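Think of it as A, B and C in the order they're written, each chain with its own count starting at 1.
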Amino acid sequence: MTMKRGWIAAAVAAASLSGIGTSAVAESATLKTVQERGTLLCSGHNGSYFGFVEVNDKNEWKGLDIDLCRALTVAILGDPDKNQIVPLSWAQRFPALQSGDVDVVIKATGWTMGRDTELGLQFSIPYFFGGAQLMVRKELGISSASELGGGTVCVAAGTTIERIVADHLKAENVEHTMVSFEKTAEVIGAYKAGRCDAYAAWGPSIAVLLANQFEDADSHVILEDKLSAEPIAAAMRQGDEDWVDIVNWMLAALIKAEELGVTSSNVDEMTANPPNPTVARLLGVDAGMGERLGLRDTWAREMITAMGNFAEIYDRNLGEGSPYKLERGLNNLWSNGGVLYTPILD
Amino acid sequence: MLSWRDFRRMTAQEIAVQIGLVLLVLLVVFGAIRSAQVNLAALGITSGFSFLDRSTGWSYSFSLLERSIDDPYARTLLIGFLNTIFVGLISIVLATILGFVIGTMRDSKNLGLQVISSIYVQIFRNIPLILQVVFLYALLIHFPGPRQAHSVADAIFMSNRGIMVPNLSLPLNFVAGLVLGSVLLGIGAVRYAGSAKRALAIWLAGSVALIVAAVLLLTPDGQALVSYPELKGLRFEGGLTLSVEVVAMIVGIVLYGAAYIGEVVRGGLAEVPKGLREAGESLGLGSFAVWWTIRMPMALRSIIPPLGNQWIFIMKATTVGVAIGFSDLFYIVSTSITQSGQTLELIAILMGAFLLVNFALAQAVNWLNARLALKGYGA
Amino acid sequence: MSAAPPTIGGLERLKRRAFHKPLDGLVTLFVAALLAWLAWQAIDWGLLRAVWRAEDAALCREANAGACWSIIDARHRLILFGLYPFDEHWRSTSAAVAIIATVILSCIPWFWTARRLISLWIAGFATYYLLMEGSPLGLEQVTTDKWGGLSLVLFLFSSVVLLGMPMGLGLALMRRSRLPMLRWVASLLIDFIRSLPLLTTLFTAAVVVPILLPDWLQGDKIWRIIIAFSLFFACYQAEVFRGGFQAIPNGQYEAGKALGLGKWQSLGLIILPQVFRHALPATINMVVVTFKETAVVIIIGLFDLLASAQAAFGTGDWVAYYMETYIFVALIYWAFITSLGRYGEFLKDRMKQDDH
């Protein structure tokens, strides 16, 4: 927004260019704003995006992306509830980020070149992988996207899916009509009513929907075609590299904790008795974890105590502990057959 | 305009107030420009209209012209603008016709007609338009799919994809030419034919002749004159498809707009002196003749200005299309903003388009008004 | 709309209006049959065959089940209060009641002086805000991003009317001013905003304005939207006031001068009260339109009544019952708008009588 941020960013850039910017203490303008405000502003959804950003029966936000926002809140402010989840449609998430209505977008957002350059965004390390897929009714007797000729595809407006599906069907020379809506609920409603032959969305979210949002789940099928392999990452405004660092290390710490076997139940024990130097660093037993980011040394420990590690967050929202029972697949640690890995904590 | 004399008559205080206001306006404008520059620079966004030549990479539900994902932003925005105008104009015409019917029914002496028209107005005027459109859309998409579509004489089909009707086998640009010709003919007829009735007759006869001639002369060789919709695979081919989004938009806006226009018409009719009606009746004219030759021409004078406001309202109301995925200009602009990040430029285009449409409509209403007011009686 | 009044000769009148000529009689009978059929369909589906309680939701799936009001029973809190914390719903309810009471009270003639009306609205609005926000009263704080449903609609509506009214008066006075600059700025603004769809104005406030403003001027999205909405209201209301000014004969201004009142005094004491009186019916009309137009905020991402309704049938088990939910919401809007509109008509008739 904002002149202030603009000036600070300019100053930071100038300082680092002239070689002075080597001081250990980070100086993130967004971090400062969040600390002064006392609340972190995260992206919500206009309705429920099941498993990731959804509203439960008690009108509270939950989901994998919400838990990541809460983890970030603990890391910065020490309390998972000191955030505001701002309801946003898909199309509004970037304008809202640019205008300062949210501090970070953690909402199943794919990392694309256009967003990185034209939209003036920066992305964190990816924390989730999945591709665009199509779901159709079994009765159509279709097994691949190339058979959709003449069909109608429903999709959410302003998403990567919108472009990926268009690209793919064009490449396959499939003539089709695309109907796009501002709200996920409208897209699903339109598909269920039969307005479209195919529902195009991000694979994991289709799986979640089929798991408990379709009474007639058996009469739908997810087509084999994987239209994309999309790295999902948190999006931030350009010009505040230190803020990106904080979000990156928040994600890295959660995954690292899983790798090291630190969970919310054994974190106190581990702190008292760190089994190796990495755990000691992670949990702030050895100094340095916080200072380098401009946070408290114990931020990761508090975060894991409050929210658990990445595996716990996954299980609670998508895996065994949730109604969806989604396999981890790609989204497992590299050592367990997935593709998740973290930078080195030194 | 302003002259020196005006300035000399003002006190120093009054001049100071004005200068202060102008400075304030300038300050706001330049402050906004300055902030925008700083903010956009911080985000690394290049401003300017060069993005209009870039291709969009996404598609949308409805278009009057050929569309593809390789279209540049400029063409996509133009299509959105045409969609807005298309739905707006059709809704204006239909809502006006239905509104006159409703208004006349409200004014009628017959109890049955009065009751049913006032129930209509009470329902459709007192529920927000967007709710009506969303509701209607939800109903329409729960129609059976294309393979089980309701059909009328195997020529018109209704399914959850929309309404399919037989269509002339003419290429799209010929159809556009026909519409344009008909509009021009209408304008000419209103201008040069002496009375409204004659103008209407000329326009109707001329348009029909134009269409028949075009169909006979211009239909591509080897094709039937009229193409009928036919189920092929996942959808209907041939004929003309009006997608459910378009149908929901037009029907929703027409039902809502007609309730308002009906009230305008009723108000206009109520202002016509009772004596005129009685005079007509005593001349032995039937009730339709009294309505058509005496009351309506009188009432029109007070109907036109508020009717013009309703037309402008209907044009603006097309923006609710975004709620049901109808690709009007607002929808296209809103999606373009997310996909391209050129917020300021796109909003400026959106505003410019609506200012233009409004201005054109206001001119048309003024012209109509002046024409009616000139002819004698009253005003 | 009602049938013939039961006065003496009522039957005779009914006969004349309904069965004047054979064709008239036919039309009347046809309409009566149509209405009876529609009413029967509605009653049969909506009442007789309907399922009412949330526990009975399974019955909704039976072949001859009518309306499934179970969804309303189960999810009315979501529809009415949006994301407001579950345990604090009593606050949202009382806040909504405060606004409704304010609207009802301002229909009573006793309140029709500038001071009383302004104090009433400020009091009503303050009660609403304190209850909803909570922290000044020592209640748990609930930030505006959690406000939703009917309470949010009422909040938007009342703040727009409260802010827009003085803005509209200011614009009307500027547009009538002797000073050309004031006149031009006001006309430009009014014509510009009135040419744009409300949605465009609100969207600009939500998405574009932050780019144009420095940090310290921003604030919540909801406030930006309210201010833009008020501006929209003010530009229309200014034209309503202008009509009121035009209805006042020149003699009134001279009367003020003759009494030795200054320009502002005579404006405040003599002119404005008459302007308000003349502008009242049109003002009420504007207020009704404003209430109706609040429904478009769903598109800029606020969790209003329509959005919460869609959320209510958005989850697994309830998807099929969109119609019941929309009807419920439509009835809420309809009740508010019809009663306000009826009141406006009543007032107009009364003022007409006073004039004679």
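By definition in this document, contacts are C-beta pairs under 8 Å (C-beta built on N, C-alpha and C of every residue); 3 or more make two chains touch, one makes a residue touch a chain.
Keep in mind it's a predicted model, so treat the numbers as computed, not measured.
Comparing chain pairs A-C and B-C, the larger number of C-beta contacts belongs to B-C.
Among the other chains, the CA centroid farthest from that of chain B is the one of A. The geometric centre of chain A is 39 Å away from that of chain C, both derived from CA atoms. Computed from the mean C-alpha positions, the centre of chain B lies at a distance of 25 Å from the centre of chain C. The residues of chain A that reach two or more other chains are 1-3, 5, 92, 95, 98, 182, 186, 189, listed in rising order.
In chain C, the residues touching two or more other chains are 207, 211, 213-214, 299, 310, 322. Counting only residues that touch two or more partner chains, chain B has 35, 39-40, 138, 322-323, 334, 337, 343. Within the complex, the chain C residues that touch chain B are 1, 3-4, 14, 17-18, 20, 24, 27-32, 34-35, 178-182, 185, 192, 195-200, 203-204, 207-208, 211-214, 292-296, 298-299, 306, 310, 322-323, 326, 329-330, 333-334, 337-338, 341.
Residues of chain B that touch chain C in their complex: 2, 6, 10, 14, 17-19, 21-22, 25, 31-32, 35-36, 39-40, 109-116, 118-119, 122-123, 126-132, 134-135, 138-139, 316-317, 319-320, 322-323, 330, 334, 337, 343-344, 347, 350-351, 354-355, 358-359. Across the complex, chain B meets chain A through its residues 35, 38-45, 51, 57-61, 68-69, 138, 141-142, 144-145, 160-161, 232-235, 237, 243-245, 322-325, 331, 334-335, 337-341, 343. Across the complex, chain A meets chain B through its residues 1-3, 5-7, 9-10, 90-95, 98, 114, 117-120, 140, 148-152, 157-158, 162-163, 166-167, 170, 177-182, 186, 189-190, 193-195, 197, 237-239. Across the complex, chain A is touched by residues 77-78, 81-86, 143, 145-146, 206-207, 209-211, 213-216, 218, 221, 299-303, 307, 310-311, 314-317, 319, 322 of chain C.
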